[in-house]
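There are two complexes below, and they share chain A, which is joined by chain B in the first and by chain C in the second.
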Partner chain A sequence: MIEVRAVEKKYGRKQILKGISFSANKGEITCLIGINGVGKTTILNAIMGLTPINKGEILIDGQRLKEKMFDNITFIPDAITMLPGMTIGQAMEFMADFYSSWNQERATELLEFFRLNDTNRISSLSKGNAAKVNLLLGLALDVDYVLMDEPFSGIDMFSREEIAKVFTSHLIENRGVIITTHEVGDIEHLIDKVVLMDDGMVTKEFNAEDAREQEGKSVIDVMREVYQR
Partner chain B sequence: MKSYLKLVNFEWNRVTRLFAVLLGITFVAQMIGVIVQANKYVKMADQSINVDLMPKAQFLQDFGQIDFVRVVRSVWFMGPIMLCIAGVAFYIFFIWYRDWFGKNTFIYRLLMLPTSRLNIFLAKLTTILLMTFGFVAFQLMILPLENVVFKSMVPAEFRLDFGTREVIRRVPELGLIIPSSIVEFFLYYGAGLMAVSIIFAGILFERSFKWKGIILGAGYATVAVFAFISPLLLQDFVLNGFLYPIELLLLEILAGLIVLGVSIWTSKYLLKQKITV
Partner chain C sequence: MDVKFNNRGPVYLQIIRSFKEKIAVGELKPGEEIPSRRELANQMKVNPNTAQRAYKEMEEQGLIFTEKNHPSKITTDEKLLGQVREELIMEAVDTFVTSVRSINVPVDELLHLVKEKYTGHDEEEA
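Coming up: the complex of A and B.
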């Protein structure tokens, strides 16, 4: 389980996170929803130790982040994190070189699933294909937790559909996923847990299935209630 | 250790193009320098002796023999060396900033590798060292070759021959990059390594705290340099020359090692606790 406890973060004088707390379980898809600038990306960066926090703590399976844990948790940011001069194949080699959790079989499977060519240079990829490569590099790791930042942002409809398919496949099964988005429509039916954020705080945390079954509300219905009050 | 070596290999591969270009420029410019300088002298001798009918002995008395040291002191020779030094100086900064800038933010990947973040620092430091030693080794390799070309162009009676070691001894600028003893080697390159570690720590301050980090980084560099030269300052202003030179040297080495250690420790702390993408 990933536990975010009372996390505060300031950039200069501006407080981005104002005591955020939530948890994300293994085997569930937790979606952080909020408009741009509420601190969704900052939380993911903080979980991965890519930005320091001012207060609070973040625990992964009960422990603070250690370098060795990067073989058990991965982050797929909204921009590709490989050198532009590399080919997709070279990027895969890099990952295989450094991560003991790299699963080459799964990487090849994803390469075929996304219909990517491993000889293509990263710098020559379209935004949609770059996002797919980013997903490939993250999901081909045998890790318990996957963090994704806006995987659908600025991507064409067909690529979005392909990426959304990943969420229903065995590639995500049994993993703990935290995904941030402000376009919830693409994956609404796949989300287990929703964390609504506004102004650096959690405004509502609920189970999507419970909301559907007990209150007859979709995630978007609950969002309307919270954001249009 | 394995991850460190892999990172060194990776960082080295990223710099090979720049490295090869600088080696190429050095080789071509220095060879042109040898040819131009030798030709200039031979033409002058030809003009004086064969056209102006000056006796050879008179010419040698007036203009002297040419030696390889004169060639080495020319801009054709020192220019590329300065360019390589500038290249290394530029790369000390670029080796970090290239991972942050542009739309492909590779620093995410580096910081998420399942290895100590200190290995990233050490790999970049090692790459700068390898680059520097690479340039020096290349210069050492081509010096005798250039000397051979020089000798083949100037007749024996018009030139004064020096071996590579003597050439380096007679050109102090060359002696700085190619030390003549192992002690000098460790002193010069140890000081260089310390300087690079201070700059790296300064860069990491800037990357961790942005604008405030520039002030913190500059402050850190000032304190580090002051700590390094503190034995010299003490000797001159407090102890009035009380220490023997060897004692002063040992204190300087100690101060350098402390500054190097603190810079590495500070960088490790910043990379682990304060760095932000």
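Coming up: the complex of A and C.
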């Protein structure tokens, strides 16, 4: 489980996170929802230790982040971070050299799943295919937790469908996933838990199926209630 | 299996409902193998935990059964399967009756209309 407890973060004088708390379980997909600028990416960065926090704590399986935990958690940023001149194959080799958790078998499977060609250069890829490669590089790691920043933004509907399919497959199963998004529409049925954020705080944390069962509300219904007050 | 989900209803109940409909029309036969939980999640594009929950519920209702290390199958209990069909029909009729009762239509007129519409619809489809 990833636990974020009362985390505060300032950039200069601007306070981005104002005491954020939520948890994300293993074997579940947790979706952080909020408009641009509420601090979704900052949280992911904070969980990965990429940015220091001013207050609060973040625990992964009950422990504070240590260097060796990077074998157990990975972050897929919203844009691919490989050198543009590399081919997909070279990027995979690069990952294999750096991470002991790299699983080549799974990488090959993902390559086929997304119908990508490993001799293509990263710089020559369409936006949708670059996003798929980005996802491939992260999901091919044998880690318990995967953080994804806006995996669906700016991607055409067919690529979105393909990416969404990954979420229902064994490639994700049993892992703890946190994704951020500002559009939930086509992934409503894929997510277990929803964390709504506004202005650096969590406004609501709920289980998507519970909201449907107990209140007859879709995720979007709940969002409307929370945001349009 | 292509199911259009209502975003406001629990997904696992909608999955169960789609299975019941397939059983009622005979598309799923007694003893027939059904997709694994993961396959179902993939086909229906739902969360695997939700698919798991639907299967668990159907197992509890006796609609499906799983023998060790084998894929789950539709029950062979004919009585139970008959009940499924009955249940769906009754549900539909109840909804219809409730909504039509508020308009106070005489039964004879109603039956005539139903007959006309129902058979007319069949011809259209043919």
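Convention: the second predicted complex is superposed on the first by the 229 of 229 C-alpha atoms of A that agree within 3 Å, B and C clash if a C-alpha of one lies under 4 Å from a C-alpha of the other, contacts with A are read in each partner's own complex, and residues count from 1 in each chain.
We adopt the following convention: a contact is a pair of C-beta atoms (placed from the backbone, for glycine too) under 8 Å apart; a residue touches a chain by one contact, two chains touch by 3 or more.
What you see is a predicted model, and the numbers here were worked out from it, not measured in a lab.
Peer 1: Determine, for the superposed arrangement built on chain A, whether chain B and chain C clash or fit.
Peer 2: fit
Peer 1: Of the partners chain B and chain C, which touch A:Gly27 in the superposed model: first, second, both, neither?
Peer 2: Once the two structures are laid over each other on A, A:Gly27 reaches chain C alone.
Peer 1: Using the superposed model, determine the angle chain B, chain A, chain C defined by their C-alpha centres, to the nearest 10 degrees.
Peer 2: About 160 degrees between chain B and chain C, seen from chain A.
Peer 1: Check the residue A:Phe206 against both partner chains and state whether it touches chain B (first), chain C (second), both, or neither.
Peer 2: Neither: A:Phe206 stays clear of chain B and chain C.
Peer 1: Once the shared chain is lined up, is A:Glu67 touching chain B (first), chain C (second), both, or neither of them?
Peer 2: First partner only.
Peer 1: Touch check for A:Tyr227: first (chain B), second (chain C), both, or neither?
Peer 2: In the superposition, A:Tyr227 touches no partner, neither chain B nor chain C.
Peer 1: A:Pro77 in the overlay: touching chain B, chain C, both, or neither? Say first, second, both or neither.
Peer 2: It touches chain B, and chain C stays clear.
Peer 1: How many Å separate the nearest C-alpha atoms of chain B and chain C in the overlaid structures?
Peer 2: Least C-alpha distance after superposition: 28 Å.
Peer 1: Overlap of the chain B and chain C footprints on chain A, residue-wise?
Peer 2: In chain A, no position sits in both the chain B and chain C interfaces.
Peer 1: Quick check: in the complex, which residue numbers of chain A touch chain C?
Peer 2: The touching residues are 27-29, 164-165, 167-170, 173, 188-192, 209, 212-213, 216-221.
Peer 1: Which positions of chain A touch chain B when the two form their complex?
Peer 2: Checking each residue of chain A against chain B gives 45, 48-52, 67-71, 74-75, 77, 79-84, 94, 97-101, 122-123.
Peer 1: Report the residues of chain B in contact with chain A in the complex, numbered from low to high.
Peer 2: 3, 6, 10, 14, 102-106, 108-109, 111-117, 208, 272-277
Peer 1: Using the touch definition from the top, list the residues of chain C that touch chain A in their complex.
Peer 2: Going by the criterion above, the answer is residues 5, 7-13, 38, 41-42, 44-50, 53.
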